[in-house]
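Take a look at the structure below.
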């Protein structure tokens, strides 16, 4: 029997919000309240190891922004992720273009090929790069064996560029996929029309391909920037001194130094930073890019 | 006592927000009739069909099937069945399972299901496709499956929502003839919605013309085509030459009209008053090349444009009275742009656009 | 000669897309290339535009050999089937695209865009997004984008396919007018014979990569060069038969329903007595009468179906041997009904005869 | 044209080989190497590291723990997320809900880990595999919703109407039509969540108690240089098994026409 005489579909329509209850409740309890808690702790006062008292002070934030070390860590983090992002776009674009333009029918297979090693263990991959780039790693022993260098050099490892390489390995498929989707949706006739109207290859690329790729670029940035800013395993394992990132600092303050107020304040700053960077990208690339 | 109509709509009204989709629609469909609801897109014709099928509820008015009010019956309890515009064949089921779907949910015995599916498949010439997947069928075959899926339920009223839209012209013609054949052989009541007047003309017993939610005309297509009651109906069913004219004389079953620069003789209509301004129409195919000077209902003009349409040619010409008129001749006439032609038409073909 | 194609061949792998195509179009003419899908008509257009290179043969535009010129160096412009409007540019920017690429100064661009927009009646839409205009308006923008460059040859690849019938018919009239106004050469590709009839000065019928017939639309309609053209353009009644007599200007053919006479002018090939032939008569060339008349080519028939579609009435008649024949007429006052016995006749000049292999 | 195509093909092949496959291949190759250092030339073939891994209880326990976490996360996320996915249809009216449940996607995993730790500690909850799952679910909810909703949205609404028109009531329509047409997406969402949760390190790191999941075990072992060959062998096992699983998942997804990841 129908619960309402107004008709079946209206009834179904009216009931729809019930389906939202489990997910919103869950996130309210385990995500939104904890975030509020995080912000709350960030105003507390630090006493000593794992000891802090409730307060409403800005000193954690002040300390973060006045300390040359912490601000440098933040800027360093943004720099490393920025470089990785730029390189990912530069490397990913030709691949996506190749797949979309020339081998469309086997696109799924090529993307699958890229995804397989990436969807399985993340730490294994960091470990793999360590074995290659480390002082006692493949690269060094290869170069010694070939005779390019005399003894192993510690230059490939424990620096920020190692982080960039591993990050690229981590995210390349997730950059290629949105770019590919964007490129795929450009009908071939648009390129032909541009040629027909007098545009050369380069002009076509600059005036047609690139602007129409904006949604893909924006999606790629969303996908890579946010988790990469909060990375701490990669820098811890391959980063060394020049690759100290804000994730390491938070982990250190939270678990080792026991300074929750500072760690939570840094987390809030990290959260804000990632939202701001995404916001800037949306602004630069145009909001309409999000809704094609 | 007379049997009630198979389908009856009484004062059906539907609004979406501020937009009136249907205004006061009253329509009765006889049993065994093929009626087409014809209207441009946005005229409300699909809404009307949805209301009959039970997917929308009218704000006002009644829907009756065989005399029973079914306003509050949900779609799965109505004795109607719909062939959707996009067919909505279930992609996870094969042809047999699609056709049998309605019977299965109604818990028909297995033998009966098999018998009925076989019957429908044979009727529509798809018995060889019965094990295929839906995606392996051509457009025309899919149409047939969708139709079979509804027909096995032996609905009191079958609703068809522009199902032939995506087919190409040739296939469409074939399916039109096929649909007509099936409907005639079943003597079933069908309500067909389309925006294509040629489709409506070739298929239906009666046509209901809908525009902006209003029912403008109901009747057999020939009558509506030849004696439309409004300019919209006349234009919707084909091209025509329209004139505004003053009634100057009414006598002996004839009416003399004056457009200001040209005199027209038309059959008279009851209720015409001298001096009144009215709209008249002449279909382009009623205009003939005049062999000799006619006293009235004639004109001379210079050919502006020719459009070939296969067997006939549309001639646009500017008359000595300053009108741009359209005439339609068979392609055999040799006329060139710039030629001067003399044309004439008979009084019966001057149609006064007025209801009743 | 505005456009000349010489012995064009094109292969895609093992498939011959075009076989020995020769074509000439005069300046200011509108040529329609008519063919079914897969006939090679679009390939031909793309070869003219430079988007494809022929494997053999030459393309000459205004006497200059442009066979190997890239599209951006040719005085042609193309209106694509899907229109290919740039979705990230508005109407103005779309139309101005070619001019900007050619580095016209801004004022000149503005003047020329305005001019062509006015001609196509889209001057109110210039700052709209191309996603927010109607189908008909999109056609106009695509046309404007090409016309603004004043190409010597405008190529149109079934640009009206997406429009509904009514809008399409309006566009035919408009396009024809526009073409006369700008007076350059147009090559229009379509699969729709009505469209071809409505637009063309000349029609080239193409099938499986070969030009079947090139002629004015009257030639192609009245005297189709092959059975393919005859059945592709317009409707045609066919009767199979055998030549019984060839005498002077008259050919007699024995068919299952009786003898048919034809005058030689419509006979394709040189059939000998005894040759198997197919006879074709257009439905609108057949007269229908209640009583037998004394004309030659008279058959008795029975009305089996009457189809009224507003403008035309189509009668389907059954001949004594059970075969069917179609007759079309614009007048409906004949008062025949289903089952009536009637007589049909036609003039020998209207009979097309094709030799069957 | 073909020159450009050739260049691009070469570039693509080089990047995929060097950046993506080479490191993985190195790990697999060295898992059979006699020596304990990653030095060329190779010292000789052995399977002793595998023997060592296969007798390592900690490794096995960590795998089992990872599976427990992944299973709990998957079932929890499906339970909570799938209903919402079915209600995604009326997007405009649901906009506040949509933003509300998708926000975890815009937050770095590290922050999810930190807030969870702070939350559990403040409530005085014992950290365990359960707390790990509870945090994993936060991120998995938008994941599940997006994958399933994409499918639901692409479903022709006329299927449901047609079913009702043919006489099936609401329940039967859901069981006969809606569910069969959406379950591939639910299956894919489940598998992706499972793999993601199994593999996650960052959130797990902050929310785990004394037990070890596989990534945590790996992380701990990486600090002991003598463990390196064992890690190599363990990693190779995971790489091989994982590749098969991912391959099966991805080809199922492609076959069922569910877009490339959730980006479509």
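The chains carry the letters A, B, C and D, assigned in the order they are written, with residues numbered from 1 in each.
Keep in mind that, in the parts below, contacts are C-beta pairs under 8 Å (C-beta built on N, C-alpha and C of every residue); 3 or more make two chains touch, one makes a residue touch a chain.
These numbers were taken from a predicted model, which means no experiment stands behind them.
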item	value
Least step count from chain C to chain D, where 1 means the two chains touch	2
Chain pair, most C-beta pairs within the contact cut-off	A-D
Whole-Å gap between the CA centroids of chain A and chain B	58
Cα-centroid distance, chain B relative to chain C, in whole angstrom	29
Chain centre separation (chain B, chain D; CA means) in Å	56
Per-residue multi-chain contacts in chain B, two or more chains	54-55, 74-75
For chain A, residues contacting two or more additional chains	8
Chain C - residues contacting chain A, complex	49-51, 70-72, 76-78, 80-82, 84, 86-88, 97-98, 101-102, 145-146, 149
Chain D to chain A touching residues, read off their complex	5, 8-9, 11-12, 15-16, 19-24, 26-27, 30, 37-41, 79-81, 83-84, 86-87, 89-90, 94, 97, 100-101, 103-112, 114-119, 122, 134-135, 137-138, 141, 145, 164, 170, 195, 199-202, 205-206, 214-215, 218-219, 222, 231-232, 235, 238-239, 242-243, 245-247, 250-251, 254, 260-261, 263-264
Chain A - residues contacting chain D, complex	8, 12-13, 16-20, 22-24, 26-27, 30-31, 33-35, 37-38, 41, 91, 94-95, 97-99, 102-103, 108, 110-125, 127-129, 131-132, 134, 136-138, 141-142, 145, 165, 168-169, 172-174, 177-178, 180-181, 219, 222-223, 226-227, 229-233, 237, 247, 250-251, 254, 260, 263-264, 267, 270-271, 274-275, 278
Contact set on chain D toward chain B in their complex	156, 158-159, 161-169, 172, 176-177, 180-181
Of all residues in chain A, those that touch chain C in their complex	187, 189-190, 192-200, 203, 207-208, 211-212
